[in-house]
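You will see two complexes here that share chain A, one where it goes with chain B and one where it goes with chain C.
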Partner chain A sequence: MEAATATTPVRPAPATGSGWRRTDRIFVGVCWATGILLCLIAGSLVLFMLVKGLQFLSVNLLTTHPVSDLDQSKTGGFLDPLIGTVILAVLGTLIALPLGVGAAVWLTEYGRPSWLARAVESGIEMVAGTPSIVLAIFGLLLFSQQFLSFLSFTAAGNAVFGRSFFAAGAMMSLIALPLIFGATRSALQAIPGHVREASYALGKTKAATIRRVLLPMSREGVATGTALGMGRIAGDTAIVVILLGATLRLQGVGDVPVVGTLRGTGSTLTSYVYNNSPAGEGNAPDKAYAAAFVLLMVVIALNFGIDLITSRRGRRA
Partner chain B sequence: MSAGSTMPPPIRRIELDASPTVVPPSAPETKNGGHSSVGLAAPRRRPQRAAAGIERMRAEALSVAYGGKPAVTEVTLPVRKGEVLALIGPSGCGKTTLLRSLNRLTELTPTASSTGSILLDGEDIHAQEVTSLRRRVSMVFQQPNPFPMSVFDNVAYALREQASRRPARDQLRPQVEEALRRAGLWEEVGDDLSHPALRLSGGQQQRLCIARALAVRPEVLLLDEPCSALDPRSTQTIEDLILKLRDELAVVIVTHNLQQAYRIADFVGFMYLGELVEYGPADQVFGEPKAKRTKDYISGGFG
Partner chain C sequence: MTGPVSPATEPNRSDRRAELMLGALASVVLVLIAGMLVFVLTKAWPSFSHNGLAWFGSGGNVDDQLIDIFNSPANPDKYEYTLHAWPLLYATALVTVGAVAIGLSFALFAAIFIVEFAPDRLRAVLEPVVRLLAAVPSVIYGLIGILVLVPFVGNHLIGTETKKSVAYVVQLSGNSMLVAVVILTVMITPIMIALIVDALRAVPGSWTEGAHALGANRWRVVWTIAVRAARPAIVGACVLATARALGEAIMLSMVSGSVGFAPNPLDGLTFFVEPMRPLAATIVDNAEGLSVKPLGQTLYAFAAVLLVSSLFLSLGAWAVRQPMKRYGVRP
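Moving on to the complex of A and B:
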């Protein structure tokens, strides 16, 4: 052994770039440039939001209800849109999570008949490719139907309003669904077949294997998909404007506390930013910046929270 | 060896067009200790077995095909309690398929079809409920594959009814401990059963898989190349373990490693191209193989 190491010639590490062909050098240069460019874009975005956002952000903004007023100093904060964002993200995820995970499990573990599997797959791909404003219009049509009137409020003359947290949450779930589905499916596909067989060989049924072995093993994938999906929900504007009513404050329907709010309308940070940007009717760019910054923080916090939950559960296992 | 070191080793080819010389399974005769002519000189670890045990399983004219392509043809083979049966043969000869049919794992392959019958204590296994059959005929795989849970939960998962969380941990503890003891893992993991199973070493993981398979109190234990992913030391531990388990249950092991088969098997089945070419006591198969192909394979002619 020692002799072998002694006789092994020590090769000097090749100096990077020396003796490379010109095309290689150009290629490496382009790679570096694109990488740095993307870093600069991301960095300037965060920096811009940080400077602008922190400049106008105050605790007051986070804790006061918004007020409609021409005088900028009296328009209040954005407590309601902040709550609206959280409600919508949670509601949409709660609907999308079982659907996405269920579809992914069915497709990878059963997947028969195969024509149905193909149909489900392309169906989900189509939902993923549908612009959210199309989903929003479709949702408005759907939730204005009489038989779904219990999900929003009914105006005088029996017209169903069709706009509520329920309606928006249901459509938002379609935005998160493909992401959760995709991440769960690839996590399940990454589990080697002999792990499933090991469970079957212990006399376990498929259902028991899925519940106790496969789903716990794909927990991380599910979490990633959920985090991405929540981020997309929190960031969507079209569905909020069309299906949530984009009313400045939360306006519940009926007397039941939680259900009333969910049946009612509201707004989210995205619609708030839109309305207060120079393009919207509110035209209060200061607050738009502050709200946009908070939105960014909410999304980051959501992702971080999910990471924390999954890693803690993972460590216990 | 030293004289011929410069010469390439002689290559003996097996005639592929020749019809296989299948030797009918011989009844376990009196053992003749002489295994002189062909093959392996490694010391045998197993003590000589006196008499054949009770027959637990029997494959009767079993044929398995994948999508019409035969993998196992007309195999008749007894599996007895109290002895280790090793299935040897070159890759793709159907050993693993035969092993997997014994607890109906082949059914998981959608294209697989089979004829013939497999009996467990005289009862056709296809007439039995598959989950209870697999608890009686349990299996350990080539890759150590503990589930991503704690050591305790891996064994407890096997003990509990389907996806249930009952019985509770405290009630299961004696059974878990016993399974780990039988697999020779208790000394190493006993003080921390909440240790994640995936952080054990490869050999420990494989013994955990054996513990898991033993926890369901099987009558037959199937081992599909259980040592092929392990280092020699872990291999030795597991071989010792197999020899210990032999007294309580029937053990069937598929192995590519002839030395291993020679060390631990009481009976050996040599398979080639889906057929059981020769079956007999290990001493006879390794010492005086009856079929030419067995002889060629054992002496390193091919495979």
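Moving on to the complex of A and C:
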């Protein structure tokens, strides 16, 4: 934080225009135009979704199960997709959190041998660059293996179905992983070296320093990364369509209550929107608008949460 | 930056164990990537080996070929694999390059505006706006595209004459390259803006102050000093945006028309409203056929192409950044 204030450029007297070359003035004009266009696009997007959402959304939709029907007025609500989104977001973050934080801590605090550190770093960069559709069909291949059949269910003819909340959650965690890793790492790097030295001087081991000093200090970074990751998971469609089966309702497998649901298939808000748009089979645009509005609200709420976290960190520093 | 500091005392057993555990956790990622490459490439191999280099070429109708593959006989020796994927590859390249090129110029000016010219109050609005646009799920963009933009293009921008004139080749319904590129640009530009803004802010104040002292005006200073110093980050932003555009499947499958057609630049303005279908969207559209073995293998071949190109993209970005890094600033 201190570094940021130190590098803030000293602005010269804001004399824009007079005595400038014409090309320079044109470019500044283009800058203004792009900035205003950006605001217009975002404004019209949010406003449009707000109008459509308030027009079609009702409390009923949030609390009733979806029914498949050709008539749009009889297709019920989207309680199941809503629950599906929550399950996936929680499951994905639960898997990604230890992986991302562990990798970040190892890389900043140990990082030995250095070739492995470099490999891990670029590996995570590669995961960030891998399209989610590729992750999705890789997941399908992985979870169709015989030895992972306990995570989904085995269909007739001994073929493993490979589509379940477990499978989708595991692949979703790979989407959240780079974000959690990046945020944690920059938080750890921002902690000055003398903090570590002070802890060592008190006779603490490195592991104790990480657990008692460094991780608590980087809590906000981890939280920001987690919120970003949850937003990405909530917004991803490709993995849900391919790896969750995109059945309208939650369809559990077996009798164990929670595990049964997680082994089963379901849908999320994103796949609900996709299936109800003209591109899917449902073709119920009103429902799609309503669900998309709820999804947008979820994403905005997560963004707002991130702002809250960062502003709290700013006040403390 | 100096390397990690270590305690002066000898590391004890529990410390050693913690290092090993964390290291193992970090290595899981590498195992996953290796697994992904091996799994996807082995699964995709039959499709490549049956077609050879013709796989990447053009010829015939891709959609018919995919249907033939889907309907191939149950006997493994008689599986149908013939595929010439050129229209799909071409469509992918077209939307990606189009969106990244438009997005980059737009993002550069927008980032300069946010960092240098925007009044403080407008800047306080713009930054959350950029973050919001980056966070909006692709399916929402797709929904707006298919319910608002596609009908608009179909009803107002394409005349009945034009539709009739190409009706024997392809149907023009508004699902088009134009809509796909426009929405994709809106999707990837915010990511680029955010990264370029960070990079421009990281340029040392003394550099820009020096230029100001020499009498350069604000635009010249930003353009010649800050933007140049931020070049490595700009390349990085482009790569990230390209990766996102390459892999965008859902939105493109909704608005691009889902026809394996290669838009022809010689068609004049009609070129922009011709339908197409990029690789990633093809996988989503045929997801139900994944269980049919030959079609599944073909779809994994598409995934392999995407995977390998995104790997080369990260590699290329790394290589481009190396010589630039010495002169530039990396946030």
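Keep this in mind: the second predicted complex is superposed on the first by the 272 of 317 C-alpha atoms of A that agree within 3 Å, B and C clash if a C-alpha of one lies under 4 Å from a C-alpha of the other, contacts with A are read in each partner's own complex, and residues count from 1 in each chain.
Throughout what follows, a contact is a pair of C-beta atoms (placed from the backbone, for glycine too) under 8 Å apart; a residue touches a chain by one contact, two chains touch by 3 or more.
Note that the structure is a prediction, hence the values are computed from the model and not measured.
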item: Partner chain(s) touched by A:Ala207 [first = chain B, second = chain C, both, neither]; value: both
item: Dominant toucher of chain A (residue count), chain B or chain C; value: C
item: Partner chain(s) touched by A:Leu61 [first = chain B, second = chain C, both, neither]; value: neither
item: Which superposed partner A:Val160 touches (first chain B, second chain C, both, neither); value: neither
item: Partner chain in contact with A:Leu177 - chain B first, chain C second, else both or neither; value: second
item: Contacts of A:Ala168 with chain B and chain C, given as first, second, both or neither; value: neither
item: Touching partner for A:Pro192 - first (chain B), second (chain C), both, neither; value: first
item: First (chain B), second (chain C), both or neither touched by A:Pro216; value: first
item: Chain A positions touched by chain B in one structure and by chain C in the second; value: 196-197, 200, 203-205, 207
item: Contact set on chain B toward chain A in their complex; value: 103, 105, 108, 130-135, 138-139, 141-143, 145, 147-150, 153, 157-158, 162-163, 196, 209, 212-213, 216
item: Contact set on chain A toward chain B in their complex; value: 192, 194-205, 207-208, 211-213, 216-217, 317
item: Chain C-touching residues of chain A, taken from the complex the two chains share; value: 7-10, 12, 14, 16, 20, 24, 27-28, 30-35, 38-39, 41-42, 45-46, 48-49, 98-99, 102-103, 105-112, 116, 119-120, 122-135, 137-138, 140-142, 174, 177, 189, 193, 196-197, 200, 203-207, 209-210, 231, 234-238, 241-242, 270, 273-274, 277-279, 285, 288-289, 292, 295-296, 299-300, 302-303, 306-307
item: Residues on chain C engaged by chain A in the complex (per definition of touch); value: 1-9, 11-12, 14-15, 17-19, 21-23, 25-30, 32-33, 35-36, 39-40, 43, 106, 109-110, 112-114, 116-118, 122, 125-126, 128-133, 135-140, 142-144, 146-148, 186, 193, 201-202, 204-205, 208-209, 212, 217-220, 223, 239-240, 243, 246-250, 253-254, 280, 283-284, 287, 290, 299-300, 303, 306-307, 310-311, 313-314, 318
